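Presented sequentially are two complexes of subunit A, the first with subunit B as partner and the second with subunit C.
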Partner chain A sequence: MPTPCLRVVGLSVDYPGSAGKVYHAVQNVSFTVHHGEIFGIAGESGCGKSSLAHAIVRLLKPSATVASGHVYLDDLDLMTLNEAMMRSVRWEKVAIVPQSAMNNLSPVLRIGAQIVDAIVAHESTSRNRALDRARELLRRVGLAPELVASYPHQLSGGMRQRAVIAMALALNPQLLVMDEPTTALDVVVQAGIMHQIKQVQREFGFSVLVITHDLPLLMQVADRVGIMYAGSFVEIVPSPVMLEHPRHPYSRALMQAFPPLLGPSRRAPSIEGTPPDLSIALKGCSFAARCPEAVAMCGVKAPVAMSPGQDQLVVCHRWEEPSRV
Partner chain B sequence: MRFWTLGPYFFKKLMFAIITVWLAITADFALPRLMGGNPALALASKTALGSPAVVKALERAFGLYHTSVLQQYGDFIVQMLHGNLGISYEYYPESVTQVVFSALPYTVGLVLSATVLSFLLGTLLGVVAAWHQGRRVDDWSVGVAFIFFAIPYFWLAMLLVYVFAFLLGWLPMGQALPVSVVPLPPLALGLGIIRHAVLPVASLVLATAASYLLIMRDNMLSVLAEDYMMLARAKGVPNRRLMFRYAARAALLPSFTQLMLSLGSVVGGALVTEVVFSYPGLGNLIYNAILNHDYPVIQGAFLILALSVISANFVADLLYPLLDPRVMLN
Partner chain C sequence: MFKLELDRVTKRYPARGMHRGSILSVDQVSLQIHQNQSIALVGESGSGKTTIARLVTRLERPSSGLIRVNQQRLEDHSGLPRLVQMIFQDPFSSLNPHYPIGYSLERPAELLHRISRREAAARAAEALTLVGLTPAENYLDKHAHQLSGGQRQRVNIARALVARPQLIVADEPTSMLDVSVGLGILNLLLDLKERSEISYLFITHNLAAARYVSERIVVLYRGIVVEDGPSFDVINHPLHPYTQLLVESTPDAHKALPRITVPDAQEMVGASDAGCPFRARCPHRRAQCEEPVALQQREKREVRCVLYDH
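On to the complex of A and B.
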């Protein structure tokens, strides 16, 4: 089997809380992203998906700490690199597109200059030649090359986020981490950007890790999706499997929470209750309190991660029972 | 933003400046006339026992000859455009223009250098303090800034004179030029002027740098927390460029506005400084003119002050779009 593009092993992220509490935002997470694969992570707010993304590129807020774990990019363990080495690996091998579409670009610098800055920070090339590359990058994400001379305020939110994606692709990274890249944009623009990413990705063959709370959108572009709940994955399956028969009750509930586009309208069922307090160690399954299918065992014994197929994962006591709804 | 795209913006700001100048001139004309009294009579009674002939002659000289206010207003503007601001009562028969322009260079030199130095020092410290937030350089610069911010200015100025001029004798206690019976060679004269300016400039810098520091630090901190700073750091931009091009550049606008506002008051802003250091500038002149009811001089100084505030604002308006491209939007 070839080396995966990204291999995360036992990664945990902690945030300090008040009165000496520690919030375990990411709990012992392991997964892989293959070369040329689009891997999607979905989950509700506070499930740790953004912390996971930022921990991978080592851009967590200063208060957060990586309690344990390794992040391998090919064979390179990012967690062992010093700050200077990480600085050069970031963008050359792994780039990030952060959440805020409206505020990702400096308001006082031209789009071109901001892309050029990324290039010249890593390569010894002239700013002029880098600017030519910036034009090409803009064209690649569906923007007019002339926009290098524009300021961010002259662009719409969708165009800005495309420019940020162009910036992320500047050094041909093998992995692109996107933390809710289309949140705060309208649905038409969202779909346009996601399909553009997929198209560019097919053309250049890099891997993508997309994080979002928009599961239907994610399944349109991702090859595999992972569902996160309370700091860990509850299920990882290829998108078609998730669409047809999600195995984990939380995945199912999440899928049903989105109204269908076709057919009679219905009230989308919500998932009752709230996620558990991440500062307290749970005895059983983290979803047990909200799970409509929980049995006595779920509250006392934590389920073990099972692998129903290659590169798949499900963490539920009852995953094999076929008769469930 | 390129300059050639500034056309309509430039025109709008220019019209605004011209209208403001006109309003200032009108106010300048109206103010002394609203105070009532007849300066010609006052001066004649002081110097010529109130002789009616002298009063008439003086009225003619002061431009109060015509009875119509409108006529006087027209004369006032015409004379002003010819550079004639009237005749000083106190320094009679010297013209206001002569009196004001002999004092102006001292004030401009003094306050301009103090303002620019203070802006550079305060802003740079603000950038560095914000960049190292919570560390020693931040604590110290903010702490010291607050101390100088809190000290009453006149007391600080007097303290400097006492310590550096009186106790240590390193620098002169007042005046702008070395005292000498023979004309000094240019180099010695220049050095003398600088020596005389050190204390007043230092007092102004110490008193005003704090506000630049605090404004810049505050703005820097909010810019540093912006998402685009995280992304710029992530893409590998070197620290120095991050600090100045990305952060300081975006945080500079409020400090720049403050600089431009204080540049406007360069001319009249150093009254206390000039009084404490007996510096023969415009501030001292205004101070004495007020004490001696020398209305034409006050009028002339007010005009210069208004013109410099307006032109500083105009220049600032022209520079804004270069600093922050978003300004062009409104």
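On to the complex of A and C.
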């Protein structure tokens, strides 16, 4: 029986908009990441992936508010911790590699020093011992240990990204959150980093929450994937189920939006329209206006979350009907 | 019949910063685009894709080699914009924010084809309709900032179309767009090609997108063509070790994650020597790789690797 490492319950994030509007960027999201699991989140720009990740580690921008919800790491409710306690939980229990983190390394400090700083801020250990750890961490992500002496500008983008991941692993967190870890990188470098992450994860058994808009990549990496649309998950299933039997029409449309590399070449239908304005409360399903399979009910009544199987979720009125495409 | 040919085209740029000498951005590249054909250029960042686009659209001149359009030298061509148009990667900065969309479309039509305002306006409306921005009247008065990224990229395509070109050079036209929006743009390119005689030079770093849009794929590595062939063959039976690595690395939900442990690009040999530019990362490296390798012909394909040098 898998046990939960991260449990998110009813989490909502709001941003203030112009003219008194409120943008509901994350809307009542609940999901679980098990110990030793790689959980992937995919969805298009603006659907709330980064907001969700930042809310989980409590690193939202000051303008944002957590309107509701709880985040449990094992049994610890992160929302009840004060800032000082949260600072120690971050890195030690949960670490985040934010979107474009590789460009946020300090340009004036050597890679080793930056990792050492993170370690000694949380543990009473000497800088020398911490530097040995930094070397070991670099080796773990496939970099030469000697690179502790390098400055960020001496490394390629892919090497910097590996260094940032090494740093996130410095305090042996039980959960590693990665927001678009390879988006700006070459596909070969991307594949190398993803392979390395999976290997380290297998060896040490921590959990991973990884975000990317690249659904095919995500399905290669993650044990389970969640598809987000307009601030909520529309479907959560194991990757093989998403591949064979996606139940939500948006999941299907998103899968098809990536032309396949292999197999027969055929035209994929475009998804017409745009996502809804997140400041307006919708009566029905958030995807109804663009959904090729919508029926009258979809525009007026919000579908409830159903669980077609253990640790699965689908939010669609027509989820039980056999695949209609 | 339209035909564009690059014949051993080379482009050098003076090296920047403290480095001496020059950067070889494009090295002896030969390729052909026929009427109603779509050719994809793929390769990693810095492999010379945009440089080729800029050479073909005459924004740059080759350091050596020849580009011919319909048997005529590109540099002697008087009406090139009527034949070749370009769509840029960034839909957000490629439209003038001060002019309404209508003006951005009518002006080039008027100038290129010496037609009246009214004819140009009709052509602009027609182009907007072709790219799916309908009814066109709703868009003519809008400014770029009032449109989404996908709509702006459609306007960019419409702007290329008003020139009635034979070839559109599309440099990563979807890389800054959401996938669903980007797919709409790719489908639009396919529709236009089905309905007219237009040809494309489609530039992308995504092999799957290359196959979706193009019949032929040309793989560049550090300015050199390492492989060129029908899309299906290049993807299903890649010959060059770099193409093999590229195919293996390209995400595909049906494949397992590849076990890739290649040295990072940083640790590679200098690019300016004569040998195979890929040899530092190549699992098949041997002594001959230090020497220049000729492009080998293999039926409908070309590959530049000693493995096929018989």
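Criterion: the second predicted complex is superposed on the first by the 313 of 325 C-alpha atoms of A that agree within 3 Å, B and C clash if a C-alpha of one lies under 4 Å from a C-alpha of the other, contacts with A are read in each partner's own complex, and residues count from 1 in each chain.
Just so we're on the same page, a residue touches a chain if its C-beta (ideal position, glycine included) is under 8 Å from a C-beta of that chain, and two chains touch if they have at least 3 such contacts.
What you see is a predicted model; the values in this text were computed from it and never measured.
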Quick one: on subunit A, after the overlay, do subunit B and subunit C clash, or do they fit? Just give me the call. fit
Greater residue coverage of subunit A in the superposed arrangement, subunit B or subunit C: C
Looking at A:186, would you say it contacts subunit B, subunit C, both, or neither? Reply first, second, both or neither. second
For A:118, using the defined touch cut-off, is the partner it touches subunit B, subunit C, both, or neither? Pick first, second, both or neither. first
In the overlay, answer first, second, both or neither for which of subunit B and subunit C A:255 touches. second
Looking at the overlay, what does A:98 touch: subunit B (first), subunit C (second), both, or neither? first
Check whether A:106 is in contact with subunit B, with subunit C, with both or with neither, and answer first, second, both or neither. first
Is A:158 touching anything from subunit B or subunit C once the two structures are fitted on A? First, second, both or neither. second
With the two structures placed on a shared chain A, what shortest C-alpha distance in Å links subunit B and subunit C? 5
Subunit A contacts subunit C in the complex at 44-45, 142, 155-156, 158-159, 186-192, 194-196, 198, 213-217, 219-221, 239, 242-243, 253-263, 265, 267-268, 270-272, 274
For the complex, give me every residue of subunit C touching subunit A. 44-45, 148, 178-180, 182-184, 186-187, 190, 205-209, 211-212, 231-232, 235-236, 245-262, 264-266
The answer for subunit B against subunit A in the complex is residues 226-228, 230-238, 241, 245-246, 249-250, 323-326, 329
Which of the residues in subunit A end up touching subunit B in this complex? 57, 59, 87-88, 90-91, 95-96, 98-100, 103-109, 114, 117-118, 121-122, 151, 153, 164, 167, 170
